[in-house]
């Protein structure tokens, strides 16, 4: 919670307790070995302190293979536990559940802009329901930022030139800090906000609220408007013989490229193909689409992607 | 001449030079034939061969100590580490991220 | 074996005029600025890195002052951003990286191998000049308005968005990099080709092994960061596109290249420190080091494995999950050789004759702090916990434990230990012990709370922070005050002792090692005659001490 | 260590050309050649950084790189490759001349090497000027009317970065050789002492090797590629 002093950050997401358990395990190992070394040193320091200036221990130490092996193998075994444990949590962090709510987040100097799929926009504040996984598509308009919610134990850089993913599921209603964790210039320390976790019913009410007078337009609908304004449908008509590939059902499908390879049409592929369409040309098409790099904002690109995703169709 | 030194004959130098020129001609010619992935492979194989010839004879590595060999190839190993691990990130991004 | 007793010896020429040594061989500024004597160059480095340390420390003090309160009440945001950037640049590139190698290493490597000088004395001097020119560029960047990119120069902020003096700072780091490369080159060649008769590889002091391993990193890593910084400069100045996302470039590629050097660079700082500690622990417990071969192997392993783990700085960038796992896995391996070293040092103490001198206190403090620093690295190499802790104060605390609690403690310990050799005078023991204790206490008070801050989620590089974090920040600033006093003390008494200290005998500690077998301070050519080595390093069981002059009954 | 003060040998009188820190000419030779090899290891990683950038982008954008590469002049590239390999030969012959103690041959071969090096740089300058006129120098003036304009700009950034660094190394090499010529004419080198010639040779051959890789990577990758 915000404003309350405590030595332990609030733990308010499903992943947070997993991370904490591992954190305390490594802490225990750290404390154990630190005390072991420090204690041994102090005991030896006192017990074997030099009593006379000309004291020289005459015994020969020849080392000990048994000891060397022991203090190589035991720490190694412990680190392997940490690795596999940490990797499994990380794999979980990187795999959003399919039923997740989707929110677009764009970092720019020095604010966080978010847009819910239903259309409601927010700045430096993101409202989410508890008990429901939330998937974030995170992009940046300028430099690298990092979306960090300590109470959820998640952090994901917003890297210009690509769309990164993160997800969480809030467990406790409340307000939690949102920080920018990657240094991004003058007001880096001011690029903070909050996550408002709400009961699902309250969230639905909030979502329907929106700006007075301006009904929220869903993101996919905004994408459709972009699509039509820019005349994309001329080529991407979906008709046989069209100049551009059909887009229905494209998202997530595997696409054969002109150079003989195939790619999965994920967010980053779609993003690149909108901005620099020739980079990964689809097999059977000519590189005639204009380059949109510099003409579309990250938000608009995300809206177009949402629209493409919303298109029905079978792309196999 | 010091005893840790080795003299390579003028004849050897000329032979190597000639071989390097031939390989340059081959690599340029082959570049115009479409062999798919093989183009890059052949191109790099010829470049590595040429570089090896320069290192072994022009730079006298063939006659140098094991330590010199270690430094010559060790540096290439670390370059390979840089490229291979970095590339492994790029090649697996779409698959697993 | 071991026939000739090692004398504590009489201070060379006590009472009379001292014989010619490297310090009094010549006088005047010219004799220093054009010297090719490795010992004089070491002293030049000592003075210059001390200046950069003071500069970096001043920035640190200002940073801690600002962080006393959650508001930005002392400095504005731009000023604060420039301060932590300059703190990082001064401390990393101009203090920590040259610290032990360029001063103690420069002074001792030739003496420990039993040579008259490094293999390339003029290149050694060139290395100091490059360091100074690089330093002047960095200072210049500071004077004309500062830099605010952070010492990491992340793109595209550094190439396209920062409006500060990135180019002069980058040029400074680029040039200083070559100073480091040339130092490493000199050490490698010297250790390979100039060892005294009988000094086989496995008779070498561990200090030499550590410097050999360090030099490997300097030579194989530094050029990569040099060219990376160059690319940043070209992109910023001429608009060439290497990392520019608008062209399809990838800013994360910069991070790959940057950390390929900058992670191993941590080992450039810590390996020589471990070398120093190996010497100190043996000398002050009068024992052979426990597991000599394992420590040698650990040094080389750390140097090599250090090149395979850089991606653990990038777990949250969107690097592929697969690459993240590889890097996390490999990072675990690099923890092991460091652990092995710590255990071996501790075992060396067993049944020793442990002298509680100031250098030994520093060395033992090092072992404790380095253990904490190393173990907390596990939180950051483990994927699941790093996501939360990355870019928070936990990271700041971790690397300060390694670099300050580790490298700087060892540097000060080594400086005290070899001070009689460098200056020809003994330092005063009492203030030295006080300073060692203050540094240890102050350090822990400064940086331990930062682990907690990081776990609570305080991000790095914030000068304005939320109220919950204040208590711990106040503790940290209080600790920094104590730490500052601990660091200032040696400056005074060491300079004082340089002139007024008691004259040092050749071997005041009763230590083995070739550097103690020549007068203090040594003559320009180090040894009167080339030494011959007949025993292993740290042959303390056969040590024979003559009573020190102090204990010789008069009359 | 205890007998450390016992003496192995006392090199009080230094042989001509042996620096004071070395025991003899053999040690000095070993140290200076090892020193140059270690320096070249550093160079491998220095160029390695920018080669790594090349490998990544060429992997991401193979077609753009092919298209961009086809715009370079293969004839000039091949000519320069031959010239540089030739200069490596003359450098090797210079080392040979110093080993056998032919002073005039030594001076001649170094001058020949410098001449070939200068020809290479001259051609490079011509190519750069040509690219300048074609607006292919990355930055605000960059213009590319074909496909992949953005990625082509990355290619040309790498082209100028890589060949520029390489050319800079050649200029440094020419500077060192100027000094070598002066020293060689003054009779400083002979069969017993020619370390500077040898290590300058090592450096020059390394620069040649860098070009052996740059040539196919920059000039040839797209030649078989037909859109």
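Here the chain labels run A, B, C and D in written order, and each chain numbers its own residues starting at 1.
The definition used in the following text is that a contact is a pair of C-beta atoms (placed from the backbone, for glycine too) under 8 Å apart; a residue touches a chain by one contact, two chains touch by 3 or more.
Here the structure is a predicted model, which is why all the values come from computation and not from measurement.
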| item | value |
| --- | --- |
| More contacts between chains, A-D or B-C | B-C |
| Chain closest to the middle [Cα centroid of all protein chains] | C |
| Between chain C and chain A, distance of the C-alpha-averaged centres to the nearest whole Å | 35 |
| Distance between the centres, which are taken as Cα means, of chain D and chain A, whole angstrom | 44 |
| Whole-Å gap between the CA centroids of chain B and chain D | 14 |
| Touching two or more other chains - residue numbers and ranges from chain D | 30, 34, 38, 41-42, 45, 48-49, 52, 56, 60-61, 150-151 |
| Per-residue multi-chain contacts in chain B, two or more chains | 67, 74-75, 78, 82, 86, 90-91, 93, 95-97 |
| Touching two or more other chains - residue numbers and ranges from chain C | 192, 220, 224, 246-250, 252-253, 256-257, 260, 318, 321 |
| Overall pattern in which the protein chains touch one another (line/ring/star/complete/other) | complete |
| Contact set on chain A toward chain B in their complex | 94, 165, 263-264, 266, 268-269 |
| Residues of chain B touching chain A in the complex | 93-97 |
| Chain C contact footprint on chain A (complex, rising order) | 2-9, 18-19, 22-23, 26, 29-30, 33-34, 37-38, 40-41, 44-45, 48-51, 53-61, 63-64, 67-68, 71-72, 75-76, 79-80, 82-83, 85-91, 93-94, 109, 142-144, 146, 148, 150-151, 153-157, 159-162, 164, 177, 179-190, 192, 272, 276, 279, 293-294 |
| Footprint of chain C on chain D - complex, ascending | 1-11, 19-23, 27, 30-32, 34-35, 38-39, 41-43, 45-50, 52-53, 56-57, 60-61, 138-140, 142, 150-151, 153-154, 157-158, 160-161, 165 |
| Contact set on chain B toward chain D in their complex | 1-5, 7-8, 10, 13-14, 16-17, 20-21, 24, 27-28, 31-35, 39-40, 43-44, 46-47, 50-51, 54-55, 57-59, 64, 67-68, 71-72, 74-76, 78-79, 82-83, 86-87, 90-91 |
